[in-house]
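Labels run A, B, C and D following the written order; every chain starts at residue 1.
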Amino acid sequence: MPDDRLAIVSDPLSVERLSTMLEAMARDRGEGCGAVCSFVGTVRATHQGRHVRYLEYEAFAPLAVKVFHRIEHEIGRHWPGALVAIHHRIGRLQIGEASVAIAVATPHRAEAFQACRYAIERVKQIAPIWKHEFFEDGDLWIEGAPADPEDEAAQQRALEQACA
Amino acid sequence: MPDDRLAIVSDPLSVERLSTMLEAMARDRGEGCGAVCSFVGTVRATHQGRHVRYLEYEAFAPLAVKVFHRIEHEIGRHWPGALVAIHHRIGRLQIGEASVAIAVATPHRAEAFQACRYAIERVKQIAPIWKHEFFEDGDLWIEGAPADPEDEAAQQRALEQACA
Amino acid sequence: MRVKVQLFARLRELAGRGECDCEVPAGASVGDVWRAVADRHVSLRPFGGAISCALNADFARMNAPVQEGDEIAFLPPVSGG
Amino acid sequence: MRVKVQLFARLRELAGRGECDCEVPAGASVGDVWRAVADRHVSLRPFGGAISCALNADFARMNAPVQEGDEIAFLPPVSGG
């Protein structure tokens, strides 16, 4: 199930699982990957000073998975040969739990760090996923910017954050 | 056993174990960590075109652990509050196995990526660890530069690779 | 013609439902579907300038034409990660 | 006085051993210990300009003074990671 690498999931995330998938892929290609950079975003206990009880993430899953494939494709253009895995969790998450896990494998480490950073920036920009924070005294839908995968200025911003 | 975070180990590495340690530490401090960036270096199948059968890593373990603490301290100066875990494996490693695993937890993602990259650059510069490659037709001790933790130009180079 | 509409996150909450059918004239665009939905759920109107749209689970522009049976999704500003 | 010497990686292989004792005069430095070791194992000599030293498991300079019973380690260029 190769597309397990790019998924919306309800169960707890495991960055190890992502790395293992990428290492297996790299082995199948006949060469080890050399470097794997991973990123995990976890639920913080406070939001602008308010105590967070828990979060809920909602996704438009079929489109989110397509977006992850798009991000993989963009990474392939900038860092040829990079292997990418992205899991985003949905449903209720407790403080400290991982909401997103990303792993990128490349032959050398500079590319792994850059492509992994690019991936998380793009996930935040364009994945159809929403965070709903629940406090002691209310709740809040977090809203960033409207998702527009074709927005070249946003792509450029992600690239600059990855490489500079 | 807090110092398990910075260790020379003989068993297979687990980046998940490192992340879990850091998340537990962050929880103990009363705030989730928000972002964890990890790096894993794995054994590649070839070295300058030669087919690698396996590697052996050797370390001066007590000094290597002190060096890891030094790197943690340097990271604390540049990225206050960052939590760091570094495991380097020694002994015989097969192709695809992880030789080094590093995790850095910070409140926000930019710092996690930077500090993790800094950590691997410094490990490569100053940790008293040596790679011995075994080929079909011989072997080779890999040698970089002499380790000098006080070398400010080297520190600056690592910082530039982390941040630019 | 009839199309299927999906609303997510705060749009879903404001409308009180995540899916509904919507009747629009032949030749309608994604934007026409949005206006029909926002007429029915006036609390959605302020979002008009800040949503993304998907047509059959692919991103689409407001001026994309829709067909009978299409699925049109309206997405508030995103916050994954 | 007698000190303990540790050799790592290629130095260890060239010397044929990872540890040895070494007799040096009172007031000797880490560098003096190195020269005594390299006199005994001539294959180590070419490394003189490219090694790091540790004194009792802390990095030290070649001019650091050594004491009876100290452990002095000589480290070839490193290649961890």
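The working rule: a residue touches a chain if its C-beta (ideal position, glycine included) is under 8 Å from a C-beta of that chain, and two chains touch if they have at least 3 such contacts.
Fair warning: this is a prediction, and the values are worked out from it, not measured in the lab.
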Neighbouring chains common to subunit B and subunit C, by label: A
Geometric centre distance via CA averages, subunit B-subunit A, whole Å: 23
Between subunit D and subunit C, distance of the C-alpha-averaged centres to the nearest whole Å: 74
Where subunit D touches two or more other chains, by residue: none
For subunit A, residues contacting two or more additional chains: 41, 120
Pairs of chains satisfying the touch condition: A-B, A-C, B-D
Residue numbers on subunit D that touch subunit B, as the complex places them: 6, 8-10, 12-13, 50-52, 54, 57-59, 73, 75-81
Residues on subunit A engaged by subunit B in the complex (per definition of touch): 14-16, 19, 23, 26-27, 30-46, 95-96, 107, 109-110, 112-113, 116-117, 120, 161, 164
Residue ranges of subunit A in contact with subunit C within the complex: 41, 57-60, 62-64, 66, 88, 99-100, 120, 123-132, 141-150
